[in-house]
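I've put the structures underneath this note.
Both complexes below contain chain A, partnered by chain B and then by chain C.
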Partner chain A sequence: MSKFISKKDLNSWLNKVREKRRLIAPTKVEDLVLFKEISKVEDIVSDYVNTDLSPKEFFFPPTEVLFSIAKKDGGVELTPARVEKETVIFGMRPCDAKGIIALDKPFLEEPTDPLYREHRDKTILVGVACLKACPECFCSSMGGGPDDPAGFDIMLTEVKDGYLVQVLTDKGKALMPDSMLSESKEAKPKAAEVAKVPAEGVNVRLRQNFDDPYWGRLADRCIHCNMCSYVCPTCYCFDIRDYPNKGKSDRVRSWESCQSAGFTKIAGGHDPRANKGIRMRQRFAHKLLYFPEQFGVSHCIGCGRCVKSCPVNIDIREIISDVQKLGAKGE
Partner chain B sequence: MSNNKNPLLPHLATLQNVIDLTPDVRLFQIDLNDADFKAKFDYKPGQFIFVSAFGTGESPFGLTSVAHRKGPIEVAVRKVGTVTSSLHDLEPGASVGVRGPFGNFFPMDQFRGKNIHIIGGGIGFAPLRPVILTILDNRNDYGDLFILNGARTPSDLVFANEFDTWAAAPKTRLELTVDAKDDNWTGRVALIPAVVKELQLSPANSVAILCGPPIMIKFTLTELKKLGFADEQIVTTLEGKMKCGLGKCARCNVGDKYVCKDGPVFTFKQISGLLEQF
Partner chain C sequence: MSETEQIRAKAKELLDSKKVDCVIGYERATDGKNARPMFVYNAKDTDRLIFDQTCRHNLVRYLLNRKDKVTGIVVKPCDSRAINLLINEHQIARDKVVIIGVVCPGLVKTDWNKTGDKLRDACQICQQRTPVVYDVLIGEPKKVEPPADAYPDVTGMEGKSVEEKRAFWEKEFSRCIRCYACRQACPGCYCSECFVDRLDPLWVGIRIAPAENEMWNTMRAFHLGGRCIGCNACEMVCPVNIPLSLLNRKLEKEVMTLFKFQAGLDPEAPQPLAAFLKDEKLGVAE
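Up next is the complex of A and B:
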């Protein structure tokens, strides 16, 4: 027996959820499906395979004020930003929950990033299992899976007329108590078939082929648009600087990309990664070697968004295969 | 590590004094506003802080003062970018922000009993001053002290007003060199690696501590190795673009290390073991 909620009851639940909270869910924006704040539950779409962007921005916004700076009594007063409203993100796919788990690693390790912590504490994640996969999906090769509930507070699986429900945390239980759910004998539908990528042991191969000319050849066609970093659910490099704001200033954190020229340029002009090939190697070494070895989880969650968005078809799946083929050279 | 609960929120501080060291380098003496934080603020040679020029941003600077002298916090800032230009525009009494101290430090305890060669180029000499002051204030704990300070021109030599004190200290030798002399200069005109070669620094029971522009480090390293210095006897501070100092912004990531957390002080043995070479 599984817990069940009908589509009609789910919609009235969502309506109730958004009375006191910010409800974020997939909705159509021109020809894209994006996570947006929902004012009418009817605007939520359910016939998407995955959203074009992950919900990373609700935890780590593209630009976010860390604190404001005001002149006061001949000195300075700093006012840290706070997260006011509780948020429910509905309709996330399992890969994106893995993305949040990966983001948690650098931001929540000591010393914890307080603003990220607050975003996380005030957000409830409601996932929906994937019954279909995109051609670019490869989550099951990166430590996830199309019906993996890890990271969610509530996980739904679509069946006829409704959803099978797994309530996974106390936060989830408080939002969706048992009393709302009925019992269903319906069998759990088969999760999506996801293409495989030979990612096992790629960290070792990357280390062995770190100085291979492969990276330079690969980067030849990169136009450093940084799209891969911006669509990535786990990329977290950032910049911090002050911006004027109505007579005061804000200290602002914003997304940065290791693919940008000048990302590592220091005062005096020295840039240890002035070369495009070395910058590209950094992106894949961080995702597939440094981060997994530092935190024990992959920094690529296999969502395929970078594959889909790259204007010059640089494809992380191909890179993983290519690096494996380079073999044990240098060891 | 900072005692501040929000590690990105600076502690408010006041510029006590601003001293011109060279035409483009100023020494900032900073007094922390919060008495409790000030009492707890402790740091070691080689560590760094972020200093905020409010309205422009913040940048990391190696501390040039030593905690045991109980004076103001000092950083030497060369005017090269937007934050450093804004800092140079500030006058004593101005409010600034301080985060830190961050990073590891020179292992002064392990250096005890050893001869110390300090080799600094340009503004790179700034983070070496705490090593010198620690040795001079505990003179019997260390062997011979050799100081080589080099700069582009005589007027670019930092801490010139302290040279006499250093040169007069027991078991201490100070050498100065410039790339290009002016009318008043009667000293050496040579690049730092050439001076290291000429003076035949001895690796026996010694460590060499280098800091300066990458090109100087590279060629000085070559000379030291020719003189018989082993990689673990050569210590430097790496420079990396940094935004947080907490190992989060990923800007100073080198191989699987972060300059801000794992460094900035590394031996060349550690550096040659890094996957990526900066």
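Up next is the complex of A and C:
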């Protein structure tokens, strides 16, 4: 027996959720499907496989004020930014929840980022299992899976007329109590078939081939925009700047990317990653070698967004295969 | 011989004879449907080269990374105008490029893992089917009758009120994530330090927010006024589908009206916004 909610009941639940909270869900914007704040539950789309941009922006926004700085009584007063409203993100895919788990590592390990912490504490994640996969998806090779509930508070699986429900945390239980749910004998549908990528042991191969000319050749084609980092659900680099604001100053952080020229430029003008090949290697070695070594989880979760969006088809799946083929010759 | 076969043969000849050490062309992307840029250093790899209506990238941008080496390059007519632009602006030397020009059938609309048979909007109104500069031409030169209105898209925008235009662009720019793919794909955007990357003094803030997004996109368009060669690479790479060609083509139309000039047609002609002519009047209103 599983818990079940009908589509009609789910919609009225979402309407209720909306009353006091910010409801974020996938919706159509021009030709794109994006996570946006929902004002009408009918605007939520369900016939998408994955959104064009990731939901990381609700924890690590493209731009946000960290704190404001004001002069007070001959000293300086800092006022940290607060997250006012509780947020519910509905319709997130299992790969994106894995992305949030990865983001938690750098932001929540000591020293914790207090604003990220608050975004996380005040957000409830309602996931929907993937019954279909995109051709660029490869989550099951990166430690996830199309029906993996990890990271969600509530996980739904679509069946006829409604959804099978798994309430996974206390936060989830408070939002969707058992009393709302009925019992169903419906069998859990088969999750999507996801293409495989030979990621096993790629970290070792990356280290062995650190100085291979492969990176320089790959960078020939790369145009070094920041798109891969910005569509990525786990890239977390940022820049910081102070902005004057009505007699005070706001300290603002905005997304940045290791792919942009000058990202690692230091005082005196030296740039340890001045060439394109080195920047390109940094991106893939961080995803597949440094981050897993530091935090124990993959920094690529196989959502396929960078694969799909890259203007020149720099394809991480192909890179993983290529690096495996380079073998141990670098050692 | 098909275009693809002719390109492969030419590339092989250039590499075998050591006339060039690299040919930049197109190969099939990993979705099996789209094209992607390919750098061929070895004659045996030339059989991966392709040409068809999915070959959307303007490869001329890559010549800026190879200024001191002789490079073979496959160009469509719009791309060929970028070569003239860069020669005109002293960025590349004509004798460092061997140009394999291809008569263009127009590009089809493509998306990741999807190709159609419908021509792209820009290609439907394109009047340049034969490259303006080449060393070898692939295909038969083609003349196209100019349409009554070469700028139907721009005319449509001009019909809107100021308020409507503002609302339109505010909505479009609100999606911008400032990934700079438009700039990076553009053959005309090659400043060694772009105004948005300048941190001291800070010209445009780092925020990914409406005011900065608008500043970024409009400033970039102005920098391309009289220089944009209309390849539409910027719009094609935009991950959030901002119709950048509307801005670029509006400026192209203005420059055409005021100066009877289109960028990239002549490598020698002075650019209207970068040169004063002896008899030139200083004010538009004079």
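In the analysis below, the second predicted complex is superposed on the first by the 327 of 331 C-alpha atoms of A that agree within 3 Å, B and C clash if a C-alpha of one lies under 4 Å from a C-alpha of the other, contacts with A are read in each partner's own complex, and residues count from 1 in each chain.
The rule is short, and it goes like this: a contact is a pair of C-beta atoms (placed from the backbone, for glycine too) under 8 Å apart; a residue touches a chain by one contact, two chains touch by 3 or more.
Quick caveat: nothing in here was measured; it's all calculated off a predicted structure.
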- request: Specify the outcome, clash or fit, for chain B and chain C once both structures are aligned onto chain A.
  value: fit
Query: A:D239 contacts which: chain B (first), chain C (second), both, neither?
result: both
- request: Please indicate which partner A:V231 is in contact with in the superposed arrangement: first for chain B, second for chain C, both, or neither.
  value: second
Query: Counting only touches as set out at the top, which of chain B and chain C does A:L78 meet: first, second, both, neither?
result: first
- prompt: A:R221 contacts which: chain B (first), chain C (second), both, neither?
  reply: second
- request: Quick one: classify A:A267 as touching chain B (first), chain C (second), both or neither.
  value: first
Message: Taking the superposition on A as described, I'd like to know which of chain B and chain C A:C258 touches: first, second, both or neither.
response: first
Message: On the A-aligned overlay, A:G296 touches which partner chain: chain B = first, chain C = second, or both, or neither?
response: neither
- prompt: In the superposed arrangement, which partner chain does A:E318 touch: chain B (first), chain C (second), both, or neither?
  reply: second
- prompt: Between chain B (first) and chain C (second), which does A:D52 come into contact with in this model arrangement: first, second, both, or neither?
  reply: second
- prompt: Measuring by CA atoms in the overlay, how small does the chain B-chain C distance get, in Å?
  reply: 5
Query: For chain A, which residues belong to both interfaces, chain B and chain C?
result: 239, 241, 256
Field: chain B residues within the chain A interface of the complex
entry: 1-2, 5-10, 12, 14, 33, 52, 54-59, 78, 80-81, 84, 95, 97, 213-214, 239-241, 243-244, 246-256, 275-278
Task: Using the touch rule from the top, collect the residues of chain A that touch chain B in their complex.
output: 66-67, 69, 75-76, 78, 80, 106-107, 109, 111-114, 207, 210, 236-242, 244, 249, 251, 253, 256, 258, 263-268, 270, 272, 278, 282, 285-286, 289-290, 293-294
Statement: Touching chain A in the complex, chain C uses residues 29-31, 34, 36-39, 57, 61-62, 65, 112-113, 175, 177-181, 183-185, 197, 202, 205-209, 236-237, 239-241
Statement: In their shared complex, chain C is touched by residues of chain A numbered 29-32, 52-53, 62-63, 134-136, 217, 220-221, 223-227, 229-231, 239, 241, 243, 252, 254-257, 260-262, 276, 307-309, 311-313, 315, 317-318
